[in-house]
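Before I ask anything, here is the structure I am working with.
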Amino acid sequence: MSDYKKQRFKRGMDLLKKMGRENLMLDQKELAPELYDISVGHLFGDVWARPGLSLRERQLVTLAANIALARPTGNHSHYRSSEHLGITRKEIVEVIIQVGHYAGWPTISNAVRQYNAVIQEENDIKKGKKKKRELI
Amino acid sequence: MSDYKKQRFKRGMDLLKKMGRENLMLDQKELAPELYDISVGHLFGDVWARPGLSLRERQLVTLAANIALARPTGNHSHYRSSEHLGITRKEIVEVIIQVGHYAGWPTISNAVRQYNAVIQEENDIKKGKKKKRELI
Amino acid sequence: MSDYKKQRFKRGMDLLKKMGRENLMLDQKELAPELYDISVGHLFGDVWARPGLSLRERQLVTLAANIALARPTGNHSHYRSSEHLGITRKEIVEVIIQVGHYAGWPTISNAVRQYNAVIQEENDIKKGKKKKRELI
Amino acid sequence: MSDYKKQRFKRGMDLLKKMGRENLMLDQKELAPELYDISVGHLFGDVWARPGLSLRERQLVTLAANIALARPTGNHSHYRSSEHLGITRKEIVEVIIQVGHYAGWPTISNAVRQYNAVIQEENDIKKGKKKKRELI
Amino acid sequence: MSDYKKQRFKRGMDLLKKMGRENLMLDQKELAPELYDISVGHLFGDVWARPGLSLRERQLVTLAANIALARPTGNHSHYRSSEHLGITRKEIVEVIIQVGHYAGWPTISNAVRQYNAVIQEENDIKKGKKKKRELI
Amino acid sequence: MSDYKKQRFKRGMDLLKKMGRENLMLDQKELAPELYDISVGHLFGDVWARPGLSLRERQLVTLAANIALARPTGNHSHYRSSEHLGITRKEIVEVIIQVGHYAGWPTISNAVRQYNAVIQEENDIKKGKKKKRELI
């Protein structure tokens, strides 16, 4: 790996830690290590780490895009990293309401279901009912 | 119109003015006045006017959703109201880059083309080459 | 809650009962009571309750939109309310075939899988194998 | 062409005439005659011509799917064939409002703009200002 | 069933066997036999069986479309039929990386999760831990 | 710019030339030079230039993804670069037919209209009626 790629990987991993996301995308690492390097190094090290927007705002617009696109998997972790960065439950609900009016009611239903599932899982972990986060 | 609907319409119109959007959606008024009332009254008076997110953040997440969805029309005005609310060109470009990685490169191309067209139109208006904003 | 909002909530809830949907969206109520009020009051009380289309036709076009958009969750209940309103299995299949040609074959596969799952669950409930509807 | 394909082509063309759509999809004929045969023969002769839904309802669900998907081109003609089949302006507006709540506000804006353009073009043709329909 | 429809059904079924997909879409058969006939006969017998692209390339572009659209169900089987036709794991990963840049990172995450699940299921079947393929 | 970024930019530009795309994305350069660097350097230099699929196949799957997503702008240039790489008109039509069955008929109409417009523009340039390619 070139020095540049090593640096951007480190920058990406540092940011992932700051967001509480350092244990994600490991299935990419397993299937295709080079894809994992693109995700950590390019997406997080070169894009997320850019100046021009605060990390909070970058997380808010990413959460908005993900709620709007309503992909089958991959959204749950963004509710978690939003909370990790200090975005409150009330604020996340506002993003769901606002974006849902632009992307349609089924994206509201979907987001509410996903966010409730994340909240439930966190509670189960706190109470010791569950050991590992499974919603990603 | 009930008092409630009158109030929410006024609240919506006040917000639209604050965002420089008061001359938009007039084609809805022409085709279907009740739809115009839902858009001004419900969408702007009851949703956009909610507390819980600043107006700047509400505009940022809406811009993000619109860039991600890349609908054929309706995005241009959000670059304008973003700037009207003080979001800088640099910040808008960052939203395009960030969201584009979550919604795919064609949404980057599309957003850049739309935003450049808005900037061009504003310049043409300043120089007196154009009298009316046409991109909505 | 203003009188207007109380009235539209009641109108929405009455309609939900007519469609057999009165026990849905309770996860919204749990996460964010104001969102639940918007869904019952605005979406059902102010939009679904509008004149201009019969309830059967409003359900048909909503089913069509949902099949076309193929969101991860939230479609199952519309097969149920369609049947509740007297739309036959044969008619639902025709909507799937027709819309699927406009939204692509994966939306056909997805709709068939969802509708079969609903039919199965209803059978299980009739036979006492299952106590509660879980597909929403 | 086999007898079956000839028959389904005729069935499709007859239906297209009934809907006022017989002069559409000629760009497919020009680029790829076999594709035109699939569109007329399979889509209209074998799918649209199926029993189980009235032609009015088939048009309503197709209009709904198209509004929800908001593709860049191809929607205009469905406002026209809807009116050709007796669906009123008021009903089309209701489909836009209903579907727009499931597919998001930008699909409302987009549909209103398209439908207004179709209405304008029809007026221009009636007044002799325009000779040919161009919105398809 | 007309002779033409019988022939195209056979042609479709032959192709499905060549792709290892002959046991799929049986839920369509159960719900609506005529839809199953359209899927086997039209989609596979009349479309997939067309000349002009090799079967490998037709599978590659279909895999690409499915990854881009990221529908909730229906993608898993295309990783399987791709491998059945000799497309390697390395090549499938490249399609995911390439298409993911045009459809956005969540479609990469989604595809990786689906493909890993298929690989896992195949391993479980080889080891006798599982008897039947369930991911479709 | 680091050496790595210079190298990947050159690798990207070389590939763009090979595809006849070297004059594209200049509006990105104008609005945001760093975005242009990401597009040329990361998307073309680091992704398109990857081994594992031939350039022809990479173009085919990209064309497929773009037809399926049917974004308002940005597709025209891919019909051109496909032809530039030796993919025939007949093959492009097959991609449209195949993908259109997975993404829905409006994506067929849209692709046919775009591809016909590109063919027309190329003819106009050959005949000297037009000087510059405008469809991008």
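Going by the order they are written in, the chains are A, B, C, D, E and F; count residues from 1 in each one.
In the analysis below, a residue touches a chain if its C-beta (ideal position, glycine included) is under 8 Å from a C-beta of that chain, and two chains touch if they have at least 3 such contacts.
Since the structure is predicted, the reported quantities are computational estimates derived from the model, not experimental observations.
Looking at chain C and chain F, the chains in contact with each of them are A, B, D, E. Distance between chain A and chain B, defined via averaged C-alpha coordinates, is recorded as 26 Å. Per-chain CA centroids place chain A at a distance of 30 Å from chain F.
Touching two or more other chains at once are residues 38, 43, 47, 65-66, 68-69, 71-72, 93, 97, 101-107 of chain B.
If you sketch which chains touch which, every chain touches every other chain without exception.
Considering their complex, residues 43, 47-48, 50, 52-53, 57-58, 60-69, 90-91, 93-95, 97-99, 101-103 of chain E touch chain F.
The touching residues of chain F, when paired with chain B in their complex, are 25, 27-28, 30-32, 35, 38-39, 43, 65-66, 69, 71-75.
By the touch criterion stated above, chain C contacts chain B in their complex at residues 2-5, 38, 42, 46-47. Residues of chain C that touch chain E in their complex: 70-72, 93, 96-97, 104-110, 112-113, 115-116, 119. Every residue of chain E that touches chain B in the complex is listed here, in rising order: 68, 100-107.
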